[in-house]
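Submitted below is the structure of interest, expressed as structure tokens.
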Amino acid sequence: MDRLTPLPHAYRLARRDAQPSGTVVMLPNGAAFGGETVAICAGPCSVESREQIRSTAQTVAARGANVLRGGAFKPRTSPYAFQGLGADALKLLREAADACELSVVTEVMDPREVELVCAHADMVQIGARNMQNFSLLREVGESGKPVLLKRGLSATIHEWLMAAEYLLVSGNPNVVLCERGVRSFDNATRNLLDLSAVPLLRTLTHLPVIVDPSHGTGLAALVAPMGLAALAAGADGLLVEVHPNPSAAASDGQQSLSFEQFGAFMRQAEVVARAVGRAVPAATFAT
Amino acid sequence: MDRLTPLPHAYRLARRDAQPSGTVVMLPNGAAFGGETVAICAGPCSVESREQIRSTAQTVAARGANVLRGGAFKPRTSPYAFQGLGADALKLLREAADACELSVVTEVMDPREVELVCAHADMVQIGARNMQNFSLLREVGESGKPVLLKRGLSATIHEWLMAAEYLLVSGNPNVVLCERGVRSFDNATRNLLDLSAVPLLRTLTHLPVIVDPSHGTGLAALVAPMGLAALAAGADGLLVEVHPNPSAAASDGQQSLSFEQFGAFMRQAEVVARAVGRAVPAATFAT
Amino acid sequence: MDRLTPLPHAYRLARRDAQPSGTVVMLPNGAAFGGETVAICAGPCSVESREQIRSTAQTVAARGANVLRGGAFKPRTSPYAFQGLGADALKLLREAADACELSVVTEVMDPREVELVCAHADMVQIGARNMQNFSLLREVGESGKPVLLKRGLSATIHEWLMAAEYLLVSGNPNVVLCERGVRSFDNATRNLLDLSAVPLLRTLTHLPVIVDPSHGTGLAALVAPMGLAALAAGADGLLVEVHPNPSAAASDGQQSLSFEQFGAFMRQAEVVARAVGRAVPAATFAT
Amino acid sequence: MDRLTPLPHAYRLARRDAQPSGTVVMLPNGAAFGGETVAICAGPCSVESREQIRSTAQTVAARGANVLRGGAFKPRTSPYAFQGLGADALKLLREAADACELSVVTEVMDPREVELVCAHADMVQIGARNMQNFSLLREVGESGKPVLLKRGLSATIHEWLMAAEYLLVSGNPNVVLCERGVRSFDNATRNLLDLSAVPLLRTLTHLPVIVDPSHGTGLAALVAPMGLAALAAGADGLLVEVHPNPSAAASDGQQSLSFEQFGAFMRQAEVVARAVGRAVPAATFAT
């Protein structure tokens, strides 16, 4: 059985034995991916307004998140759907995060916008649809900025690690992988969250791995149990969608937690993290 | 979003609201599926010999398992592969289990063998390949024997609940569902373990749900982390393959835990179960 | 690239080189699977009444079908759906087929019913849900009756050939494979018809291969183009659902052709078959 | 059953009823997608040298191809694999095509390279990995250049049409869809070629649809039968990989036809096209 052995002529820099102790990716506010304390990235699918992102930032910071997520440029299936607030959203994100000592992660979709996004964010996200957008990978690789590489909609583990290799070989060692569910035959959930990727990647690569239970399930009721399961499986962090009023969200409301749900989840997460020898971040803001 | 609402003209008896408090399935030795204490089913893929099953029974009982699993009739892709010891295996299973106060679960593949299997086992398993073997479902349904219904290789949640409905409508209320991984495009793991089925089924049905991380991953190194994740996601039990000497197993050696690995796993399982308000069974045998 | 080389320790009797010239399976009325003239199996999803099956038999025979299909025992996802007329349907099928010199193919679901079905049918079908019902495979194998082995819902080519091997090793050489679509992530069609299985199987096995565009697409509008495509790809026959009044069918009405649609299809099929060096059967009944 | 009805709030410009008679996309040399004569695009996976692309162009033109394909910028899973000759390849393609009255189609991967590729090609290809690269879609949309939009690796029909909508809404009406196989659970073929997409798209959209049996199967032995099947299913053209020496190709040798195989295929294609009321192009070059 060679499922735990990398294929020949495959990834080199991403291999576990290239860094046996494991990589830790650090953000400016001290948020770490790959350390004993996990990283908690939380925030709305899309930045919608100054008030929305500010209140969300305060709330998630007060509950133990240490990275603020929020979409400025949104990859949408339909050209007629809300496409994000763009550059304005980047500023709102930065302002809201700075007020609460959070770092910022947000998606970049176009190689021509890497510089702009890097000017405002602490970590850039490459989304599932762009996992094999090789021009974008090279551009983000050359920026050196910490990067969150989401798994493609139907990417194999091998293809995902090869995409990471594009980043690493471009000179960027600060790569974090994010499992966010894959396509399956069953539409009972939006995607099929492949938590086994977490321990499998642990054997194959030194890169940190986090989990997005929001996109991974598409259903708010499943986010908390699957977030806990991800921690139990050994994830180095979570990416969770939180919105002041999920039913009114411009996008992804069905999978967003309310402030109250996020607070309840973080209390459980703290207990489960401890059960597997990890910890959740301390709150950086008091409400 | 109606993913959490059963389809019209669908399952009736399996619906959550047919038994809002949830079903608890009990076996003769007190093992319970659906209670605060989870059920731990452990044992070899196939019963190979008296000594093999006896030593395994003693070991897993001493570590907190309360149900002994072992294949007597084996569904094998190839007609040339080991097909199980059949009726002899049933006797060996019973004998080994009785010596350690374990209950017995084993697979039945043929409606003509339901009576035989029921005579020796406390719970009959319907395997993934037979999830929609409707003749078998009816026969097992009429037996009234507690049944472990594995999810089909590519069964939707809806089809799985409809298969349970066949059992329920035949008069058998003692149905436990077992997630064991589904087909995916990636062969990095044997199957893709769909842990989100656990919390999703909790909203849709009153039936207990357990998880098989052995078939669900096919890799021994992933069994412990995914078993812990299953408990964190709310599973009512686990089905784990354990073998005295995995590398010499007649089937499924790659995904079987050794005695030592199983012991280590159960110590972790106890801590994670407690973190989510559950408990693992007390040991019924001392080694 | 070894995709065209059978795996070691795999199927032996089904391998192409076990019968390099290819197997031809003959039915009593002369219908042949694997010869220059393709086999056309047509009829309703379910036998519903004497009049329904008789008029369908006459119509399809007059348009060039040489095998009458019709369900007596129906595998249904829901226990509350129509389950078929059972033994009565077998008699109606036989009677309708005999009046038009058609052979009969119908599904058997239970090893205890193989003898009954064989008494009325010229060919027994093992459905997709039972492709790995090994007890059923053995029982049908021992009957020696020509058998139509449908591909499982998510069976690999290798697993499918191994299922055929169960039949062959039980002493039954009269095995025909039927591609009927597999599970995919897209529900735009009921299944994803894998026509590449036809030429791929040609290289791997000597067994004839036919195609079911009705289940393969689930949409009547796609049946004709995909039936023609199957012939162009080299299929040895087709299995097509035809109903006097599709919108009133007890099952599968959406994918059934009307009499008129079937007639139009057969005229096109004759031309396409000729273009690839094959022929459709001559009509055995005049209307 | 609403599988043939577009979803609400979905594609508007791509809908069948926006152009009931169907769109015909014309290239400068008269090659047409959507007319009675199908389009045959042929050539190597990658442009490797002047001699390689010139001899291939002459051969495919002499056998009835009317569009020359060849990769200049290659999307490769591994950063260590051959990435294409880039701008040099564009010039070689143009030169080879012009000498044989062929049009040129080649892939563009980066929005910053759209202008460059458009300067040399008659049609730009958006590859499977970039089907939802929305920045690229907009840039190609604004160019107005005829575009070949490949289906994503696991794109639903709906998502594919929405990607086409991005092109259409950017002002480019010259969109051709190309089915090239999707991800499946079986690795017996490289991808699972979904030919049913051809007649399904015919009902949903006015855009022409062609098929790539080379990527769709990954096996040279399956290219001819599946190419014929595509024509029988109603495809408006084919995209076929042809190489002077497949076993020495820099990429995709296993799925490339030799010159001799391509010639034999085109003779069959002519007969099958005629059987369904279509024609293959006349040869534009004599060897």
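A few points about this structure:
All chains are identified by letter, namely A, B, C and D, in their written order; residue positions are counted from 1 within each chain.
Here is the rule we use: a residue touches a chain if its C-beta (ideal position, glycine included) is under 8 Å from a C-beta of that chain, and two chains touch if they have at least 3 such contacts.
A quick note: this is a predicted structure, and the numbers were derived from the prediction, not measured.
Two chain pairs are in question, A-C and C-D; the one with more C-beta pairs in contact is C-D.
Farthest from chain B in terms of Cα centroid separation is D. Per-chain CA centroids place chain C at a distance of 33 Å from chain D. Chain A and chain C have CA centres that are 48 Å apart.
Centre to centre, using the average C-alpha position, chain B and chain C are separated by 35 Å.
Touching two or more other chains at once are residues 154, 158, 183-185, 187 of chain C. For chain C in complex with chain D, the residues that touch the partner chain are 1, 3-4, 154, 156-158, 182-189, 192-196, 198-200, 203, 216-219, 221-222, 225-226, 228-234, 254, 268, 271-272, 274-276. Across the complex, chain D is touched by residues 9-12, 75-80, 109-112, 129-130, 132-135, 152-154, 158-159, 162, 165-166, 169, 183 of chain A.
Remark: chain B residues 154, 183-185, 187 touch chain D in the complex.
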